[in-house]
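In the two complexes that follow, chain A is the common piece, with chain B as its partner first and chain C second.
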Partner chain A sequence: MSAAECQRGKMAALRAGLLTRALTKGKTPAISNIILGTRAASGPSKDTLPGAYPRSPEEMAAAAKKYNMTLEDYKPYPNDGMGYGDYPMLPERSQQERDPWYQWDHPDLRRNWGEPMHWDFDMYIRNRVDTSPSPVEWRTMRNQLLGFVGFMLLMFGLGEMFPCYQPVAPKQYPYSDLYLERGGDPAKEPEPVKNYEI
Partner chain B sequence: MTLTMHSSLLLMLFILVYPLSTTLSPSQQNSNMAKMTKVAVSSAFFVSLLPLMVFLNMKTEGIITNWQWMNTQTFDINVSFKFDHYSLIFVPIALYVTWSILEFALWYMHSDPNIDRFFKYLLTFLVAMIILVTANNMFQLFIGWEGVGIMSFMLIGWWYGRTDANTAALQAVIYNRVGDIGLIMTMAWLATNLNSWEIQQIFALSKNFNMTVPLMGLTLAATGKSAQFGLHPWLPSAMEGPTPVSALLHSSTMVVAGIFLLIRLHPLMENNKLALTACLCLGALTSLFTAACALTQNDIKKIVAFSTSSQLGLMMVTIGLNQPQLAFLHICTHAFFKAMLFLCSGSIIHSLNNEQDIRKMGGLFNMMPTTSTCFTIGSLALTGTPFLAGFFSKDAIIEALNTSYLNAWALTLTLIATSFTAVYSFRLVYFVLMGAPRFPPLTPINENNPLVINSIKRLAWGSIIAGLIITQNFLTTKTPVMTMPTTLKMAALAVTITGLLVATEMANVASKQVKITPMTSTHHFSNMLGFFPTTTHRLLPKLNLTLGQSAATQLDKTWLETIGPKGLALTQTTMSKTTNDITRGMIKTYLTIFILTLILATAPALL
Partner chain C sequence: MANYKEAPLATRPKTLDPAEYFNLSPDYRRAEEKRAALRAQLKRQYLEQLNNPHRKELIEDPALTRWTYARTNNNYFRPTAKTSLIGGLFGVLPLFVLYVVFKTDRDKREAKIKAGTYERPYKLST
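Up next is the complex of A and B:
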């Protein structure tokens, strides 16, 4: 390309960049923005999608605004490489804990439109995990249940070792245990058979 | 005679399937389907009495193999129905109880716009149950098994707009599925080791095998379906469904399917000590645990549900005692009085404008005489009052317990559970029927509808005479022990009366303050169902779902996708997007530059 065409191309790009900058609302005029311009809208832009971990206070403010939260409420996940980015860390509370009588936008989900969703929202719906406070502490519940089951298993084991049954003895037939009927010698005197006394 | 039996049984199945087929046509205006269903079930009941009479007269049992369905060189699956002692007695009873429940449902669900769909679901359930009960091979039994499980899901979640009902339906399906693992394992074992799913062949070939593995599978299946301890929470949650559903599925028919499976395949269990002991101990534990939970509940349907679970534990105990016929007798008598208890509860609930809390009922004895009389009869039958239906089965079971060689703790638990039965039954009668009313005065309380009264009365007749009729006409194959000390003979009665006295004393004491603060730990244990649902339903789903999420994110999304193909694709698209942005698509400009460059390049050559 000759120098004139280069210049012409650059002029066109500059004009296009200035035009798009005029059309978009007050973005920081970066060099790349002027050269490359801004593409036509084709889905959520980079600004509305979840992004990288916010490092500066301005990034925190921008992220809080993006997620429709106030700066005081917004707290990202710790930056330990697990890929959460700037997504807010909301308290681990299930939807079951929310007020059942309030007029939510989505009554079955107990959620309003535009509210920030928990990372594990699909786990905290009312059909799944419930974190609502129980009348008894978790530790007590677990101990009592396991204690009960353990006690039952122990007692069943003892019951196997010492079973319960009705006393049974061999049948005691009359006539000396049917000595003659069973082919005993009539001349001999049979031994008395006493399995039990009545 | 075989022809009579065969044709009447097939006629009965056809009568039941016909209303279902009318729902397939597109025009459903002014359909009388609900009433037609009730008439169909009642006529099927009368038709099914015919084979029963033939069986009574001649002891003929039949196996009808209709169709060779999936047969290979080595394995046969046929459609075959077994009409023996168990199915021939159970089917008329199931149809009688269903008839009463459908008649009741015509009143209870009257204001529901989808009443026809409700009846369709109930009828589909009934057909699946009959398939289960008459199956002669494991495959057909499995079809019925899954059928009743799915219909239970759809009927519990009938009011699907209510999230609690959805959760309860999910619980039912998931707990049943865990039990199904056992059944499928047993079927697989039978298919690989005995090469057959036909019951006769299984009995013949199993003599030489160690049957512990398939029997444990069957016990797991019964634990899931019949709500034994460990897989029991779905049964009280299932009370989210309408009362006719609770009466039909979760008291009389579906929950006994697990016990029925064990009864059907009992010859496999007779010689296996481990399986028998497992059934005995599991049943005893279930019986006591659920009876203890029933003592402090306040929802009338939940108390009856726990009562059902306790009786199912008792049936499991009977199977563990090697007495399948007694277990079957208890299934039959239990169906009558438990269904009646549920129908009376439904009548009370509707009359009090959908009030289910017993603390807000009372004094109904004067305002709803028929319902309360039948409720009392049902409770008396449940506790084993002499010569009502429950007595014949329950007393026989306790006698068999006392005179057998068995685990002493299982015996203790079952006797304690029997006394608890009296306690919670009295508590129920005391709060619901006795005393002064505790509900608002403006309630639509009435018993004017014959649909309700006739159905409850019919079941009341059954609760009174069914035990006598069945025991008089059918001899047991195992000789019961006739001689025992008087203490043992009267044990069931003594334990029940003790429970009743304790309950009356507690009812007296409960209205006075005898301590400054009550001791709440046992109450909490019982009221929160042993903390079992609270702990397992929070811990296990959380563990599984978090595990699933981390597997999906770290393994699938990162290592299988982003590192490999998707990461590569992302790099490519980013580069192409950047390149595309640079070029900016100014085709005419590019072409002009190209032509100009071409001219400029070739101009010296041309010139």
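Up next is the complex of A and C:
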């Protein structure tokens, strides 16, 4: 009941504000004024949306309750101005790692309704980044790959700098160096070209 | 299930983790019970809405709303040393670095063309 009264009161105040502003200034106020003044009550209320970094234990408890997490699990991101606010820091695990046989509410996302979403949820969906275990340790894989690629780059680079191939001579053509084929005058006698030595 | 071996490229499910069954302190159990209670409440809310025969609209997920709001509205960004450094490194520095790189490369090429020593790399006509 009190929420409805509050809403009606806010709407009345908004209408009154707009009316007075329109009457006094002679033109309707800018959109930004309307937006900053009041917000429509049809969307989520301010206490269910993410807020600022929690400072006191009460704020931590309230934030944990808001995000449907237990107080022990709820850990906000460090407050270094990167823009996280009080959003919880969940373990960096992709959705691929979750149990495929459990009856999730959203089976393709492997997520239940109301469960707190990781900040990088759209990265950790099953089509994208996957943190599930690999057959060999990541470090070994990375070292082997970089070692192989680096070695091949090195060898190709060396090959460019110091080319080594069989000794070659310029190509020898018959018929006086292809005199007629190269557009020589058929009436004139070409000079003889000797490509051999006996 | 005692000798369960997980699939080669999968993590072990939590319910089959041996740590769940041995050496459990009361604190751990209480925490797990709280988590399970929260999960059960959420599940119940969802299923009530899902199986409600009079429901006509989409089931709205507040966690999704919060996530979207947090990601799109950067209300809590603050210019600090770290954020300014990152911003400068990724936003301002590339402009200058790329300008310098491209300018020097093009000036060198222009000088070569003027001197007549430039060899066109992909020249098609002989």
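Methods note: the second predicted complex is superposed on the first by the 108 of 198 C-alpha atoms of A that agree within 3 Å, B and C clash if a C-alpha of one lies under 4 Å from a C-alpha of the other, contacts with A are read in each partner's own complex, and residues count from 1 in each chain.
One rule holds in what follows: a contact is a pair of C-beta atoms (placed from the backbone, for glycine too) under 8 Å apart; a residue touches a chain by one contact, two chains touch by 3 or more.
None of these values were measured; they are calculated from a predicted model.
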{"item": "Touched partner set for A:83, first chain B, second chain C, both or neither", "value": "both"}
{"item": "Which superposed partner A:127 touches (first chain B, second chain C, both, neither)", "value": "first"}
{"item": "First (chain B), second (chain C), both or neither touched by A:135", "value": "both"}
{"item": "Chain B versus chain C as contact partner of A:187, first or second or both or neither", "value": "neither"}
{"item": "Which superposed partner A:163 touches (first chain B, second chain C, both, neither)", "value": "first"}
{"item": "Touching partner for A:115 - first (chain B), second (chain C), both, neither", "value": "second"}
{"item": "Touched partner set for A:69, first chain B, second chain C, both or neither", "value": "second"}
{"item": "Which of chain B and chain C A:144 touches, first, second, both or neither", "value": "first"}
{"item": "On chain A, the residue positions that both chain B and chain C contact, one per complex", "value": "83, 134-135"}
{"item": "Chain B residues within the chain A interface of the complex", "value": "161, 163, 166-167, 170, 277, 281, 285, 402-412, 484, 488, 521, 524-525, 528, 530-532, 534-535, 537-538, 541-542, 545-546, 549, 553, 558, 577-578, 581-582, 584, 586, 589, 593, 596-597, 600"}
{"item": "Chain A contact footprint on chain C (complex, rising order)", "value": "8-11, 13-15, 31, 34-35, 38-39, 42-43, 45-46, 59, 61-67, 69-71, 74-80, 82-83"}
{"item": "Chain C-facing residues of chain A, complex", "value": "44, 48-50, 52-53, 66-70, 72-73, 80-85, 87, 93, 97, 99, 101-102, 105, 112-117, 119, 121, 132-135"}
{"item": "Touching residues on chain A, where the partner in the complex is chain B", "value": "1-2, 5, 8-9, 12-13, 16, 35-37, 39, 83, 108, 120, 122-123, 126-131, 134-136, 138, 141-142, 144-145, 148, 152, 155-156, 158-160, 162-166"}
